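I have a structure here, written as structure tokens, and I will follow up with some questions on it.
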């Protein structure tokens, strides 16, 4: 499958925390940056996400902001 | 300034391509992954974005999807 | 590949209109509803999108609003 | 009221599942595809959403990705 | 029509700038803050948007970040 | 720090409601309009958000829709 979303960042799941309906999945990517994805609990089950899993973070270009300075 | 958005990815601008109203800014992050941000031309001018600039990509957790498999 | 995004809507491309950086892709789905996707020109080229192509619209659950009444 | 969002998909609510703050509303649209909307519990109460209700899913064009292949 | 999106901000259009496919609509809201909406050219025509028009900015709660400090 | 996001709306926190993973932060802005931001519980703790705090709502231009009429 190919997706129009332009941002595919490889990484490894370091934590999956499910809420009542929404889960937070934390993914370590190159350089040690930790990403947080807020997805549905159904998606966690459907993808069988668990710690140590190799995944990609998928982000649409129109959802990426740029920051300069501290 | 501190932002509630959970994803700050450091990188370097490798290309700024302005359209009629929307610009695409490509940023190389650790591991060689290239991110694309779709932002307004005004933002490019306001932040003075140009090739070689050190920046962060800022992404809200609710805008990050997870993909598994190829 | 499996994606955490919960909304996969099958349809057929009826129009691809490229701007300077951003393209509008219109997709006819079941029932005759026409969807519009705003994606990058690079994505159009990368996916080889053209009229008549069978595709899916992919939408994150957190990007879907509900409307009632007229 | 008219909205700039380009995607209005008619459907019927088949499930409303409220979490602590976020609710998942599943809507069956033409062709049998099931959409999931992640909205606030306040919105569910405000719109009086319940199973069997006729609604529209409202999605901004910039939030729609396109996928090709399986 | 009622929408699940929680943020309706009244304002007045001060500028409409159309690109090749994407338009920027600037809206002055209470307190003098100027909002920028990036919408499709089709939406501008469909809503008949022009300078001086009274409108609302509609924003989903999951698209609002919070910033503290300068 | 400067951000490409075009919409910075000053306001005051009037309520912080944490769910299992997702919090709703309500902010009163000029004119008395109340905004709702859906952010992570981690962000609430990281920013030390509480009632009475002066903040800005940060919204990307591509996440703002325009509505006309009632």
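Letters A, B, C, D, E and F mark the chains in the order given here, with residues in each chain numbered from 1 onward.
Keep this in mind: contacts are C-beta pairs under 8 Å (C-beta built on N, C-alpha and C of every residue); 3 or more make two chains touch, one makes a residue touch a chain.
It should be emphasised that the depicted structure is a prediction, and the values quoted were computed from it without experimental measurement.
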item	value
For subunit B and subunit E, chains touching each	C, F
Neighbouring chains common to subunit C and subunit E, by label	B, D
Subunit B onto subunit C, rotation angle from CA fit, given as a multiple of 5 degrees	120
Chain located farthest away, centre of subunit A as origin (C-alpha)	E
Copies subunit F and subunit E - interface residue numbers shared by over half, same or different	same
Centroid-based (C-alpha) most distant chain relative to subunit F	C
Distance between the centres, which are taken as Cα means, of subunit D and subunit A, whole angstrom	22
Subunit D-subunit E separation of Cα centroids, rounded to whole Å	22
Approximate Å spacing (C-alpha centroids) for the pair subunit B, subunit D	29
Whole-Å separation of chain centres (CA-atom averages), subunit C against subunit D	16
Contacts with 2+ other chains: residues of subunit B	1-6, 19-20, 22, 24-25, 36-40, 42-43, 47, 49, 58, 60-63, 65-68
Touching pairs - complete list by chain label	A-B, A-C, A-D, A-F, B-C, B-E, B-F, C-D, C-E, D-E, D-F, E-F
Interfacial residue positions of subunit D with respect to subunit F in the complex	1-5, 19-22, 40, 42, 60, 62
In the complex with subunit A, residue positions of subunit D that touch it	17-20, 22-24, 36, 38, 62-63, 65-70
Complex contacts: residues of subunit D adjacent to subunit E	1-6, 25, 37-40, 42-44, 46-47, 49, 58, 61-62
Subunit F residues touching subunit E - in the complex, by the definition given at the top	3, 5-10, 24-25, 27, 29-33, 35-39, 43, 47-49, 53-68
